[in-house]
Every structure is written in structure tokens, then in C-alpha cells.
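Here chain A shows up in two complexes: once beside chain B, once beside chain C.
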Partner chain A sequence: MEGRLFPSSYQKLKHGGGFFLKKRRLDSVKAYVFLSPFLFFFSFMVLYPIIKGFDLSLKGQRGARMWYVGFDNYARVLTDPKFWESFKIPAYLLLVQVPLMIFCAILIALLLEKVEGRKGATFFRLVYYIPSTIPAIVAAIIWGYMFSDSMSPFLPILNLVGFSGKLLTREIVPLVMLIIILWQLTGYTAIMIYSSLLSIPKEYTEAATLDGAGYWQIAFRIKVPIIKDMLITLFIFNAIGALQVFNEPWMLGGLVVLPTNYTPAMYIYNSAFAHGRFTYAAAMGLILAAITFLISFYFLKSATKEMFTE
Partner chain B sequence: MKKNMKRTFIILSILAVIFIFPFYWLIIGSTKNVSQLFQKSLLPGVPNHFIENTVNVFAYEGGVFFHWLINSLIYSSVGAFVGVFLASMAGYSFRRYSFFGKKTLFIVILGFSMVPGYATTLPLFMIFSNLNLIDTRWAILLPSFVNIFGTYLMIAYWNQVPRELFDAAEIDGANDFTTFLRIGLPNILPGFITLFILAFVGIWNNFFLPLVMLNSRTKMPLVLGITTITDPQGFPVYNLTLTASLYAIIPLFIVFLSLQKYFKPQLGGVTR
Partner chain C sequence: MKRKVFLVLSLVVLISLFSFAQDEKYYPEYKGKPVTITMWAWTSNEDYSIAEFEKAYPNIKVQWENFGVHYTKAQTALSAGSGLPDVLMVEYSYAPQYMDLGAFQPINKWLDEDTFIELYGEAALKWCSMDGEIYGTPQDSGALGFFYRKDIFDKYDLKVPKTWEEFAEQAKKLHDLNPEINFITLPIDHWWVDGPIWQAGGKLFDYKDGNWYIDFTNPTAERVFEFWGELIDEGIVKLEMWWTPDWYNALNTGQTASIMLGAWFSEWLKYNAPDSSGLWRVSVPPQWDINNPHNGMTGGSGFYVTSHSKNPEAAAIFVNWLNSHPESLKCLHNYSNLPIMVSTRYENIIEEISGPDEYFGGQNIVETLWESHKLVDTSFKHLPVMSNLANSITMLMQDYLDGKIEKFADILPLWEKEAISIMKEFGYNNVVVGELP
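For the complex of A and B:
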């Protein structure tokens, strides 16, 4: 069987081999004509910057003067305790926010599936989805202010139950970030899961119902395992998101003083633009890209497979 | 069963309230002046300062907010359209032709869709400064013309277009570009609109690129501009920042709600 990307070679059967070869060469030319605008911008905006970044990362730098030093920057990044410290927040998000969010999203998706087709179902989906459409910066402004000591609507309640300290401290920032990300992405994630729940054939669950399985049993023993691939992909994308978190701490950093290496992305930005260490930042950027690539490997593999086989 | 359904609706409603609450707080925040904000009440400000805040946002620094709004609209609509159009041309190519290097190219596109902006933006900054593009609108537009994940999704959308359509057009004597424009595009229009909305929202919300590339306030998009609002002494003005935040997301809601019926939520679509 032909893969979906190479759906047919019927021309080969219909015409002689010579015609096919000519046709194929012409097809290649035509294909690249259509691909050329994309490839042009892809080369200049993605490929070239990565090559340029690699070249930069091999250089030492003092002010505007640069010279090649081999892999010195990489060696220094990998032994830089501030670089490794910056992974504390991504690790926390990966271990707490991502599993918590996916679990909540599964429960919400099951509830949405339950009311599917009833009045109001569309409204709930819209309301849950909307936080994911606004900029992380605006989300961080709203929640940052809602947790600030001067404006927090929660503070009067906390004072009532005997809390009398400073609310927005550096210690609470990870919690605020957790809340921001959960607020923005749980609904979106739930709707992703909900869509794949809808695609499960009814026969699967009907058989289990006849066997006397309860609602939650069916949900977690049958439905969730079927959509496992979707959940893994969601996990991968959120892990990458956790690694790249920048906007929330950047905005919250205006309310509480945060270290320049609070997250890897913040460390890269600050190394380049606050400390002027471009070549060092370029090396960190590429290490981050490599880690991202490793994390996404499962997704890349399965997406390729899906595209090339029926 | 009926009681069960009622309970489900109650839980869903409580969740809806939680998701809406921050928006509610943003809206009531925009009706208050600073001292009303400091009272921490959950009710709109009395007297209501919404109009005053709005006027102050629009009049801030000689109307720089309008620049931000127009910049955001230009960056998002032009960037999203060009990016998705080029992606759909690439998707058409993948569907219609078998060509040299097809599988390799697909894997390259997919692989690079995962490269974080934090890795490419710094070198891009160096490249753009050599080309004198720093602090110009091109520094935001050019990178948004390449929509890699969109291209990957476009390839998937095009795979659902029956090939017979192209063959029929070919027999009718249509050339390949006409076939793409007249036969192909209408068939992937829902996918085109979905990706356009995603790209629009993604560019609208992108903070890091303009933060690196732009210095002049008149060239900033809203998302960067609103973080620069201060009083003349450089201190934050909370009520103005909140009101500006509200106005920064309203256009997003208008685009999203007006095109919502064509929109299909898409995995990997959220660029924060």
C-alpha cells in the first residue's frame, strides 16, 4: 500500500516508464515552485538564525569583539550553577502543573462529554476555551494584581481567617504562575481531550455497560487508554511550555524582584540583553532547543508515522 | 440519571464562574481609580471611572495606544495571512506532487516546528541589526511569514482533499496555480480560517519577539505597549494598565467570536 503522502503511482502503470520519469521531474519542479515562498522565509527566518546561533555560540566575546573559542561556551553553560538553577521552575511546573492540569482536564472533558448536545454545552466550551486566547502577559497582569498586597480581592478573606503577612512574596510566585497557567490552559486542554473522547466508537463503551461496568470504570479503564496518544502529546507540548516559560515571570518580576535566572528563557534573555553576553546566550539557546527536541521526539516520531501510513 | 445530569451542570457552572472571575475582576478594575482599587472590593467603582480611564488610556502619551492597536492589527493580520497562505501553497505541493526529497522535507518541517523562539530570536536580532531592520515593523513581520507548525497542519488538511478534483481541473485545462487557487483553496477553507485565527492570536500575543526587536513605542504592538505604561516618574499606574489590558484583548475576542463557527480547536495551537 502507498502511504498517504505518496497516494498513487497510477501514472506509472498508465504510461510508459519514460513518460513517468519526465512527468516526475516536471512534478518536482512544480512542487518546488509552490514550496519556494515558504522555503525562502523558512531558510532566512529559521534555518539561517540557527546556523548563525551555532556560529555565535562558538565564539568568545568582549564587548563587540568576538573570536572563536570552540566549545568553551557549552562547557561553561553546562558547569554554570545559575543555568541549572533556572530549571527549578520548569521542573516544578512539569511535576505539579502539567499532571494536575491534565488530570483536571480529563475530568472536565468527561463532564463536557456527558452534556454533549444539550442546551448550554457550547457555552461552557466557549467559556473554558477563552482564557487560552488572551496573551500570557495580560493573564499575568490580571493575576499578578489579584495577588498584589495593595489590590488583592483575596486579602480581605485571608485577613478574616487570621492571615496577616505579606501576600505577594518571591516564595508565592511559583504558586501564582501555577494558577495563571492552570487558568489559561486547563479549559483548552479539556476541549482537546473532549474532541478525542467524541471520536471513540460507541460500541466500545456499550459492551462494557452491558458487562455492568460503572461510569468511572468505563471512563478510566476504557476511554482514557484509548486516547492515550492524545494525552502523551498534550504532556509533551506542556512539558515544552514549562521549559520555555518567560512571560509570566517577566511580568510578575515587575511586582516582586525575581533573579535574572528565574527560568531558562529569562536567563537567556538577561544574559544577552542585560549582561551583553550574546555568544553565551546563543549557546544556552541551542542547548534549550536540543532539550526541547529530545522531549518532542515521541510526538515527532508518531506524527511522521501517522503522515506516511494509512 | 436526571439528578446526575443536574449535578453535572452545577459543576460545569461553578467551573465557568472560576474561569470568568479574572475577566470580571479585570472589568470592574477598569471602572476604578487607584484608591478604589486599593479598597479591594468586588463591586464596580463608585463613582464609576470607566470613561475617565478609557479617555486616559487613549490620551496617554499623545495617543500612543492607537499606534499599538494599529500595529497589533497590522502585525497579526498581515503576518497571519501571509504565513498561512505560504503554508497552504506548501500543503498543496505535498498533496499534488510526488517530488524529490518529499519525506525528508516533511521531517525537517516537523522537526523545526519544535524549535523554541528563544533559540532563534537572539541570532535573528544579530542578523536584523546587520540589515538595519531592528526597531522597524519588518523585524516583527518577516519572522511571522513563516508558520512552521501551520505548514505541518496544512499538509494534514490537504491530505483530505480528494486528488480527483485536481485531475478533473487538469482535464479542463486549468493550470496548476489556477487549480490551487480555484479548486484547492475553497476545499481547505475551514482549515485555512482555523490556522489564520490561531496565527492571528499567536502573533497578537507574542511578547518576546517585539521585546527583543523594538525600542520605539510607536512601533510596539499592544501586548508590549501596555507593559510600558507608567506615570511621568516611572511608577506603574494600575488602573490604566488594567484598562489598557481590557482594550488589548477586546479585538481578540471580536476576531475569535466572529469567526468562531469556522474555528476548530487545534492541538499545539496555543502560543502564549
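For the complex of A and C:
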């Protein structure tokens, strides 16, 4: 382990000698001194909550009284139809929102790259970036107004088309969520892709142009494959976001009736804080984490496999 | 002349002596060490009452924190086994859940049952005690009032309904004259858990001697659901999400002519519908039987001493003083904007503190709402799974709106079924179905 961390001292160690041994120990001490702030926060803010959460998930609970029940909670979660129903929305986001957003972001990124260096380019980058700086919950409140029956700014247009009735219904919520999330994250994703595009050496595109490739050919045959790693990362992050979606449905739930198990995160939150079943919620949380991990792992694996076979 | 002055003076002395003696009887002396107790409450400006209390009890300091509706925080602290304040504000409908989970500790030692009944009335005992243990005191009343827009009533020549029969007539009349304006709208939320059925003198559930009772399909509840069902099925009364921007807007702009909510709503109206100042009035809700009037509540909160409190004596003395001492009641009315307090001692100060209210066109709403409050003459205990019960009625109403349930009144038996399964899911085996104590 230390050998891998400190290859130089490991090399020296091979040649033997007390001095080097001492030096190695000193290096380790130094390393741990530098590592200690990280280790401290990691263990208290990441490891401890995970262990505590796991411990909680093994208990039964009534108010403040808790007792060990083994894996009972897990067995109950796995057979709880309400838990599995809650994955409808994440599945929809995963299949519709994430690919759609990344595709739009690629187009915007190409556009930003094209206008790079021209007058106003910075302004457009800023405009696309702004939505992601607004807290999701605030954005959801504003979007709530946008879809309100009596105060929506779209009302004049809707009246013109002859639409009347409720704007925000239970059926339309997935679409509203799609709009909010796209509005919020597409620009941010585009900026990330754009910065990767900038790092592509100019020679590649120049060579392709000489060979007679058009703009779109260069874009989708050369540039996009080069930044594939970045796109996979974005895909995984957004997949995780889709599985854990909470703010948007939570906020919209105040405007239209949504079940408490509309998404897994909402079900976990409601179970813990509205219904006081913390141990059951902890088990659900860990199962959701496991599912998230498996899905990201699967993406990563299939993506890298594809890269190797190419 | 001199004799007259003497007479008046001695009367004053006598009265003050008497009230002092009364005070002594209600509010025991605090014998413990100087302490600071903490309280979570979402009512505004509780500090005026606290200041008065600290004058009367210099050895007890109260630190008040306002986190808004703090149930999630309280649930977390309760499960963690520490972190609850000494005094916790909880709505009456949620209190049984906390009592049942062991969140509170008994304060009978400092406030016995007889004194409690004297100060707060017998009905309130159900909201503040369980199995003979008193855990707290009631603050404001959620007695239902019928809030209506006088301008709309005048314009369409509508009568303020005294009975539900008249109510239905007036609702139909307005619907015929102008279907754009709602006579009333009803919420898709927990309002149905108590308000309208309690108002008919009925209940859906109760608790007695270690058992929870569930009977949603009793004649009173069925009658209420059928009454509203008819109006809703015919499209005369609309169901909608309350507390949304659209809903506030409708109240503010005169899209809705009336609303039935707890007394505390008078203040909500003032803040959230300022444009309609002077246009609102309030009356006692319509009755099922004019000769045998009842009322129910929606909302209203009590102050309870938690099981985490290390100073239950100080906390008990405080919650009792806070919610029944005339000085405190005056502050709660004047600064915390609570129209009606539950305490029986509130009646003595009503004349002093109430008067014409400009927002309500000069009506003395405190008098009307106090009258409404006095009609709350039946009581019961809410099931300890309130948020689930609320979710379940909400979902069923949405199913009705989506056409999955044909008739509104059919919701009631479905809701009962869900209530029974929720109690089971949460591990309550002491449930008696089909009867009420």
C-alpha cells in the first residue's frame, strides 16, 4: 500500500539500509499528517454516517425505542410494492431526460465552441450557466407559478389557442419535471462538454477538414468520440441524479396531489420524517444506494467495453 | 360619598385578593433552582407572554425557538432519544401520536385533572392527556368558522346559511346565477380528518382504555359525506388544492365566496388576502340540527412537556401559565394574533380585548368565533398515524377527481379500509373496528 503511495522510497528501500527505513517511516508520518484533515472529515462525515445508517437499518423502532431485528427491514423493503413503484419516475428520467439533456448539451456546446472568441461569447456562456446557479427548490417554486391556473404568464397564449382547464395535473407532472430539470441542468452540462471540446487539439479538426469532412461529420465522428470519457461521466452523474430526484416532485407535491412514494427519495424522506420510521427509511436508503451503485457500475462497464471493442 | 368610595375600594381589594387566591390555586409556586427551559413554537411573538411569565416566576427563564412547523425536527430528536426542547408545540390532531410514542411526560403533579378541566374545559382533556396522564395544555382553538364575502353575498342576494339545508340552497343559487364564482371550495387534504364530521357532532375514530377505535362508516360521517358528495358530484362545489398560489389568489380576488376553516384562519386571511379587506365576515357554521348545535375544529395547538425535559416542574408551570393566565392570554391575542384561546379564563377578558375589526368590516369577530368555539362540545382522540391518514384521503380525493372513484361518498368506506391497514402496518394490534366508544 505504502509502496504504491510512495514509489520513490520503496525503490530506495529495495537497496536496503537503516537510513532508508527511517526515511520511509518519516515519509509515512508526514503523509498521514497531511492526510489527517481529510481522514478526519472522511471518517466523521462519510464513514460514520454510513455505518450508523447501516446500524439503524438493522433495528425495529417505535418512537425512541429501538431493538435489533436483523435484516427484517431489508426483507420488508424488497417486498414493499410502494418502494418499487417509486422507481417509475427515475426510470423515466433515466431513459428520457438524461439522454435528451446530454444530446441538447452537446449541440449547445458545439455552438458555444463555434462562437468561441467572438463578441458576446462570454455572455452566452453565462446565460446558459445561470439556471444551474439557482437552487433547485427555488426554481421549482418559480416553475410552480408558471403552471398556476390563475397567474401563469402563458395564460394569454393559452387563451388564444382556446385552452381552458387545469394546467398542472397529476398526469402532466412528469413533463413539468422534465422541463424544470432540462432548464436547470442543460446549460451547466453544455459548459462541461464545451470545456472538454476546447481541449481537443486543433490538428485533428484541421486534418479532417483537409480530408474533406464537413462540420457535422467532424463534430459527431471526431470530437464527440474524443470526449467520450467526459460524456460517460456526465451520464453517470445524471443517472444518479435521476435515481435520487427529490426537490422538483417535492415542491410540485404542494400544488398537485402526488403520492408519498412518487420517487424513491420522497418515499424515504416521508417514511423517516413524516411517518417517523427512521430504521425502515435507513434500509431503503441503503438499498437505493446499492441500486445506484449497480446502475452506475453497469454503465461504466458497458461503456468501457464498447471503447475497447471499437 | 366617602362611604361610596370606601365601598368601591374594598370591593377592588376583595376582587384582587380573590383573584390572587385563584391564581395561587391554579399556578403553584416554583420551588426548584433557577432554570432555563427551552420551547419550540411556531406562533409569532410568544415572547410577550414569556416576558410576563418571567416577571411572575423570576426563577424560570424561557428560551423560545421558532423553526416553523417543526414535526420533522421533533420526529428526528424523538428517535435519536435526545434533543427535544422542554416544551413542544403540537397540533391537537398530532398530539396523540407523540403521546403514544412516549415523546411527552405527565405533569399531573403540578396540574391535576380537576384544575385542568376548570381551566380548559373537559373536551380539551382528550387533546392533552392519555390514559389519565396530562401532558400539556391547549393554546388556541381551531373551532370552525364560516368566513364569507359580504360583497358577493349582497350582489347575488345570498343569505348567510344557518343550516346545511340552507347552505345547499344558497350554493345552488349562486351556481345558477354565476357559475364562475365558487360558493365554497373544499380542500384535497387532511381537513376531512376532523373538521366537517366533528362539526356534525360526530367522529371517525377514538381511543379508550388502551384501544384505538375506527368506524368511518357511522351514520353521522356518512351523512356528512353524502351531503358534500351530492354537491360535489353535481359540480356545484369544487374540490381543489388549498394553500397554493391559485387558492390565495382566488380568495383575494373574489373567485370564492366562502370558506370554512379554524378560527386562526382570520389572521391568515388578513395577511394573504389584503386586497379583500373590509369585504369578509364570519359566522357560526351552518348546523345539521338548529336545536342541537355543534361545532368541530380544524387545527389549533397545545403545548406539551417532553420526555427529554430535565425540568418538568418548571415546564409544567410554564405551559399552564402560558395558556390560561389572563395576562398571557391578552398577549397571545394582541401580539401572537390568535383570535381564540381554549382556556375558560379567556371568556373573562374577551370584552376587554375584542372590538370591531376593520378587515371584517367592523364586525367583532372574536365574539362570533368564541361563540363558535363554545359549540365544540364533543371530543375524541385522533389516531396516532395522522400524516398517513391525511395522505390517504388526499390520494382518494385525487382518484375521485381522476374518475377512478365514481361517487364522492364512496371515498369514506375506502378510506376506512386504508386507515385499518395503516394502523396494522404501523404495528397497532389494539384496534377495534366498526364501533366507537
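Throughout what follows, the second predicted complex is superposed on the first by the 278 of 310 C-alpha atoms of A that agree within 3 Å, B and C clash if a C-alpha of one lies under 4 Å from a C-alpha of the other, contacts with A are read in each partner's own complex, and residues count from 1 in each chain.
Going forward, contacts are C-beta pairs under 8 Å (C-beta built on N, C-alpha and C of every residue); 3 or more make two chains touch, one makes a residue touch a chain.
Here the structure is a predicted model, which means the values were calculated and not measured.
A.B. asks: Looking at the overlay, what does A:260 touch: chain B (first), chain C (second), both, or neither?
C.D. replies: Touch status of A:260: second partner only.
A.B. asks: Quick check on the superposed pair: does A:303 touch chain B, chain C, both, or neither? Answer first, second, both or neither.
C.D. replies: Touch status of A:303: first partner only.
A.B. asks: Which of the two partners, first being chain B and second being chain C, lies in contact with A:273: first, second, both, or neither?
C.D. replies: Once the two structures are laid over each other on A, A:273 reaches both partners.
A.B. asks: For A:285 in the superposed arrangement: first (chain B), second (chain C), both or neither?
C.D. replies: Only chain B; A:285 stays clear of chain C.
A.B. asks: Please tell me which partner, chain B or chain C, touches more residues of chain A.
C.D. replies: Higher number of touched chain A residues: B.
A.B. asks: First (chain B), second (chain C), both or neither: which does A:251 touch?
C.D. replies: In the superposition, A:251 touches chain B alone.
A.B. asks: Regarding the shared-chain residue A:132, is it in contact with chain B (first), chain C (second), both, or neither?
C.D. replies: first
A.B. asks: For A:64, decide between first (touching chain B), second (touching chain C), both and neither.
C.D. replies: second
A.B. asks: Looking at A:52, would you say it contacts chain B, chain C, both, or neither? Reply first, second, both or neither.
C.D. replies: First partner only, chain B.
A.B. asks: Let me test your reading of the model: by the given contact rule, A:151 touches which partner, first (chain B), second (chain C), both or neither?
C.D. replies: In the superposition, A:151 contacts both chain B and chain C.
A.B. asks: Identify the residues of chain A that lie in both the chain B contact region and the chain C contact region.
C.D. replies: Residues common to the chain A contacts of chain C and of chain B are 145, 150-151, 254, 272-273, 278, listed in rising order.
A.B. asks: Per the contact definition, I'd like the list of chain B residues that touch chain A in the complex.
C.D. replies: My answer: residues 5, 8-9, 11-12, 15-16, 18-20, 22-23, 25-26, 29, 37-38, 40-42, 86-87, 89-90, 92-94, 96-100, 102-103, 105-107, 109-112, 114-127, 142-143, 145-146, 148, 151-152, 155-156, 159, 163, 176, 180, 201, 204-205, 207-208, 211-212, 223, 226-227, 236, 238, 241-242, 245, 248-249, 252-253, 256, 260, 265, 267-268, 270, 272.
A.B. asks: Of all residues in chain A, which touch chain B in the complex?
C.D. replies: Within the complex, chain A touches chain B at residues 4-9, 24, 27-28, 30-32, 34-35, 37-38, 41-42, 44-50, 52-53, 56, 108, 111-112, 114-115, 118, 120, 123-124, 126-139, 141-143, 145-146, 150-153, 155-156, 183-185, 187-188, 191-192, 195, 230, 233-234, 237, 240-241, 243-244, 246-247, 250-251, 254, 264-265, 268-269, 272-273, 278, 281-282, 285-286, 288-289, 292-293, 296, 299-300, 303-304, 307-308.
A.B. asks: Quick one: which bits of chain C touch chain A in the complex? Just the residue numbers, please.
C.D. replies: Spelled out, the residues of chain C in touch with chain A are 71-72, 75-76, 78-81, 97, 100-103, 188, 241, 243-246, 249-250, 253, 255, 307, 385, 387-388, 391, 394-395, 397-398, 402, 426-427.
A.B. asks: Can you tell me which positions in chain A touch chain C when the two form their complex?
C.D. replies: 61-66, 144-145, 148-151, 170, 254-257, 259-260, 270, 272-276, 278
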